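Each of the next two complexes has chain A plus one more chain, namely chain B in the first and chain C in the second.
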Partner chain A sequence: MTARESTSTVARPLRMEVSGLQSLVAALWTAGYRVLGPTVGEGAIVYGEVRTIADLPAGYTDEQDAGHYRLRQRDDGALFGYNVGPHSLKRFLLPPRERLFTTIRTGKQLAVEPEPVPTEKLAFLGAKACELAALLTQDRVFSSDQHPDVQYLARRRGMFLVGVSCTKAGGSCFCTSMGTGPKVESGADLALTEVVTASEHYFLVEIKTAAGADLASQLPLRPATIDEQRQAELRIADAATQMGRHLSTVGLKELLARSTDSPHWDEVASRCLSCANCTLACPTCFCNTVEDVTDLAGDHSERWRRWDSCFHDDFSYLHGGSVRASVKSRYRQWLTHKLSTWIDQFGTSGCVGCGRCITFCPVGIDLTAECAALQARTT
Partner chain B sequence: MSAIHPPFVADAGSALVPLPYRVQRFVCDTDDTFTLTLAPQSGGEALPFAPGQFNMLYAFPSGDVPISVSGPAARREVLIHTIRAVGPVTRALAQLRRGDTVLVRGPFGKPWPVAQAEGHDVVLIAGGIGLAPLRPVLYHILAKRKRFGRLCLLYGARTPGDVLYRRELEKWRGRLDVQVEVTVDRGDSDWHGEVGVVTQLLERAQLDPARTVAMVCGPEVMMHFSRLALTKRGVPESQIFVSMERNMKCGVGSCGHCQLGPFFICKDGPVFDYPRIAPVFSTKEL
Partner chain C sequence: MKGRVRPKLAVWKFASCDGCQLSLLDCEDELLQLAELVQFANFVEASSKVQRGPYAVSLVEGSITTAHDRERIQAVRADSAVVITIGACATSGGIQALRNGADVAEFTRHVYAHPEYISTLRDSTPISAHIKVDYELFGCPINKQQLVEVISAFLHGRKPRIYSHSVCVDCKLRGTPCLTVTRGIPCLGPVTHAGCEALCPSYGRGCFGCYGPKESSNPASLMQHLSTHLGQPDVALSRLLRSFTAEAPPFASARKPYEPAT
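Our next item is the complex of A and B:
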């Protein structure tokens, strides 16, 4: 099942029962996809394999705030009634560790064996709007015309995406500020909205691509009534009013570009542990490094790429020392890159408003608050 | 496959996977600096490059380092790199000898503006190992001498023993169509040349400032003072080019290490015209 382009016709939304979602999961596995989605594990909503809808976090939600994440029970059986967890899709496209090539020495000869291009077809069920926006943001990093990233793009090429619009927002959420959510407008093959009422539990399904239409044709769907569409829209609109955070992006790019010498960086640095949690949880942070792992004889060596972070002291190492030796310069680099220079580099902000960096910061540093503080200093 | 998937080139080789090269020649330039001449292990031509570009050299199994090409771009069968042994990988590269294999990725980065410099006077200002990335420019101009105006090389080394490419410098200095000035920070009893910083050589450079293209390579502080001296001399800032250095790992702008403000030094640089880099140039810890 492969899509080509967006379907040009705007198909009428369809209604799918919960049992239809099970059919959807089964159809994806049958089509050769490894289906990934939200599951409960490690005391959080994390991403894992979804064999049946019983693997989904039915009746769970997440409670989030700066430096705070708790898994909670909902009073209904919603399958996607949470926001985002510590995982993001980047772990499947840019794995935390992956081998790039192997080198074998025979005498004075060196032979290089590139890692085979991945062929596994991935499907993701339950990608929230911010998650899909993050995927598009990472795509721009790894699909440069001159040097496309072969490994990343091979995984991305085959991916089937089932988006789910948020019907509630969390304490760290600010997707409305970044224009990325809460509704899944694009970036997915199918877009679902979950509706749970006292008497009903169903999904509104919007077909976004030809691949989505293909899959939908195998599912028990019927056209949604006007009321069913309204029920879905109301819930998304509700979520948009519940954002726990807000970021004022007007003039922010320029403000950060000229705030290099702001005393506020010292203030943040007095709290920042430079632990790199924000960058690891961030769905767009792409920084990576390579390490060469060799056997004792020195005849066999493997080059592994692994996630790295601009918060590590050796990240900017140049002969003689690190360029960014202080924590203040590293936090400045991270925030300025995310919200300002990213736009220079890739034409979009590096932030999608998911709030992970706020939730998973052990000391609760909140980028929306840091930006507000910088903005307040200049007004 | 989603409708919004990025373009994918099925047959694109990965820029992250190196090719094996054979060390054809190993020359000690100074106590800590050496030059490798590399030819593809599989035979045939080397990767074509433009003056100012760099390769990632992998001293098996120590790791990668970015090294500018220091040889002539017109010599297609080899890659020549001049390297100062300062860290674990460059010291491992210093252990290589003729017949050994080294792995090469590249070439990467934006080159010096040699075509743009045609019809202009050209001044090359080099500090220390910064002479190596500028040498391909010199070779290029000398090979196509008529296309350029006056040519001037200003070079500063720490001590007489650190002067790179000494025999070539003396040969170029003997020519009537190139001005070569060399200075050292600290002389010794055998040194009868200039002592002092490289910027002081600029005063005697024969050139028409308004019609001059300047290419500067060396430590950031040296490039900073060179830029000031060039501006004072009347060379327009848009005609001043510098070669920047940061921690380059991937070479293609996707590992994030070499960022300097909005730039990835590996792909947006290393060569920048001064007005472009000026907003972030010499900013502490940026």
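Our next item is the complex of A and C:
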């Protein structure tokens, strides 16, 4: 991942016109990338192919709260004026279903055909700061020395990332609590900030990697003025004040570790549907299961992996039964893993404060509120 | 499998619409291969020839609604090594279980020209209320791929790849943005057993719950949320849980607070 390492020279931010963004998209396609970015689809802003900037959600935004997401219009024509939607980069790096190998039986012979390593080069336009933080969190899971994930790493290695700092925060956002946003500091090759004023619409561009510098050299950019930089900073600072949610992380790891018997878990379990939406929407949850498929004759079998969740009964099935048979124990596992044991395992929190689990819980269960309730019980 | 005696498979019909059995006929691509691996000892949708038991596997469609059927299912059990019930009727009593708790005699008077010919039990009950069932396959109708999967798993002595989780999981795998969250559409997906690959939500329609309750289903919480946050009126909520799997116990009890007072 050499191209991803930060460039040592901190270049001065540049100014890019909207037409320059079109050049950026075109340059990525020309360089052999499949460019994915925000598009309007099925009532939400989701990742889709971006051929031209006309595919971007110009003038769209979202309204989010616990169990609530609505696509809305905004009147300034901003291209990135929304917060994270139902999809995350996880969909592309760790696809929901993926074949791992195929076994063919001919007579008494078994032939195992491994799955080809993915070669497609993906570029993401418009990854927000929490999204990039989530990617780094998943990297730690899938690139461990003992168990590197070949498929994940092949996709990851070839990626190009154009981050966009948030200039508005949503009702479920709390990246400031987790120290992951709203500004794109790292994790991207290029970091953009969109500025829309009464008379102007432009981007502030920061080069973060050598690959980013390479691409930027092909674009019509000029050094940004102090005022242009200030305009961008103001908008990011504004977003930081708009966080719809807050999580107090002080002592949280320890609190969760000693709260296994809290009566609060029963209370959450009375509301929780164990539907798994939170874990599947979460950009860092990595759990998957493997399963075998055979044809009727048993001559052809395939091993697949698919997304799984600790909210499933089968997930903790050991000899004789499920270790987490109750919904209470499953919710506790989710919250405790995300915010406590993840730190023991990977050295960071498993939560980046994107708010997806809050927005996409069909009954609006909010992990920040559940943590606050646990904190209130013990103080 | 070649050279061995092919296991006998029988399909039995109780109170039902035949839709689930037809899923078996629908397995066009797999049917010929299946016929090489098993003997269709009783499958009247395909052939009126019935071979005698015992049967290795019996697929049972339909619910128990008559005294005669109540006896017949005992004979099926006695003659079958493995009993697999298929579909909403066989696993929960089906849409016909809406009569449970109502005045059946009055229904009969309204529906039939000669109600005196009708001999029926008061309730429509799932097969598992009468005999030991080895495996249940849900849905109205069942998913034919799941049926092939269960038969295939049986033939190879492995666990069937059937999930007990929510329909939501399939929405997430497909990438369908949640209808309830993004459009305020009431959906039973979070409390319903997977199997349809989130078919209805993928067409913008909330889940009807035709696969019945998922494992650890919590419809009471969902109803409460749909009522207080989505402003769904009581009548809509009680109807939501009054369809193909209305009498599955978690659904039947969760709709009680929203039923019109009688």
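By definition in this document, the second predicted complex is superposed on the first by the 375 of 379 C-alpha atoms of A that agree within 3 Å, B and C clash if a C-alpha of one lies under 4 Å from a C-alpha of the other, contacts with A are read in each partner's own complex, and residues count from 1 in each chain.
By our rule, contacts are C-beta pairs under 8 Å (C-beta built on N, C-alpha and C of every residue); 3 or more make two chains touch, one makes a residue touch a chain.
Nothing here was measured: the structure is a model prediction, and the numbers come from that model.
J.: Would you mind checking whether chain B and chain C clash or fit side by side on chain A after the superposition?
T.: They fit: once the shared chain is superposed, the two partners occupy separate space.
J.: Based on the superposed arrangement, let me know which partner A:T378 touches: chain B (first), chain C (second), both, or neither?
T.: neither
J.: Kindly classify A:A297 by the partners it touches after superposition: chain B alone (first), chain C alone (second), both, or neither?
T.: second
J.: In the superposed model, does chain B or chain C contact more residues of chain A?
T.: B
J.: Please indicate which partner A:N277 is in contact with in the superposed arrangement: first for chain B, second for chain C, both, or neither.
T.: Second partner only, chain C.
J.: Could you work out the angle between chain B and chain C as seen from chain A, using CA centres and rounding to the nearest 10 degrees?
T.: 70
J.: On the A-aligned overlay, A:S143 touches which partner chain: chain B = first, chain C = second, or both, or neither?
T.: first
J.: First (chain B), second (chain C), both or neither: which does A:G158 touch?
T.: first
J.: So, does A:E42 touch the first partner chain B, the second partner chain C, both, or neither?
T.: After superposing on A, A:E42 lies in contact with chain C but is clear of chain B.
J.: Smallest separation in Å between any Cα of chain B and any Cα of chain C in the superposed model?
T.: 5 Å.
J.: Would you tell me the residues on chain A in contact with chain B in one complex that are also in contact with chain C in the other?
T.: Chain A residues touching both partners: 291-292, 294, 298, 326.
J.: Within the complex, which stretch of chain A touches chain C?
T.: 41-44, 46, 67-71, 85-87, 91, 96-97, 270-277, 280-281, 291-298, 306-307, 309, 311-314, 326-327, 359-360, 362-364
J.: Give every residue of chain A touching chain B within the complex, in rising order.
T.: For this pair, the touching residues of chain A are 2-6, 100-101, 103, 105, 108-112, 114, 136, 139-151, 153-154, 156-161, 186-189, 208-211, 257, 260, 286-292, 294, 298, 301, 305, 308, 310, 315-319, 323-326, 328-329, 332-333, 337, 341, 344-345.
J.: Report the residues of chain B in contact with chain A in the complex, numbered from low to high.
T.: My answer: residues 1-9, 12-20, 41, 60-64, 86-87, 99-101, 103, 245-247, 249-257, 259, 261-262, 264, 267, 279, 283-286.
J.: Give the list of chain C residues in touch with chain A in this complex.
T.: Residues 1, 30, 33-34, 37, 148, 151-152, 155-156, 158, 161, 163-166, 168-169, 172-183, 187, 189-191, 204, 214-218, 221-222, 224-225, 229 of chain C touch chain A in their complex.
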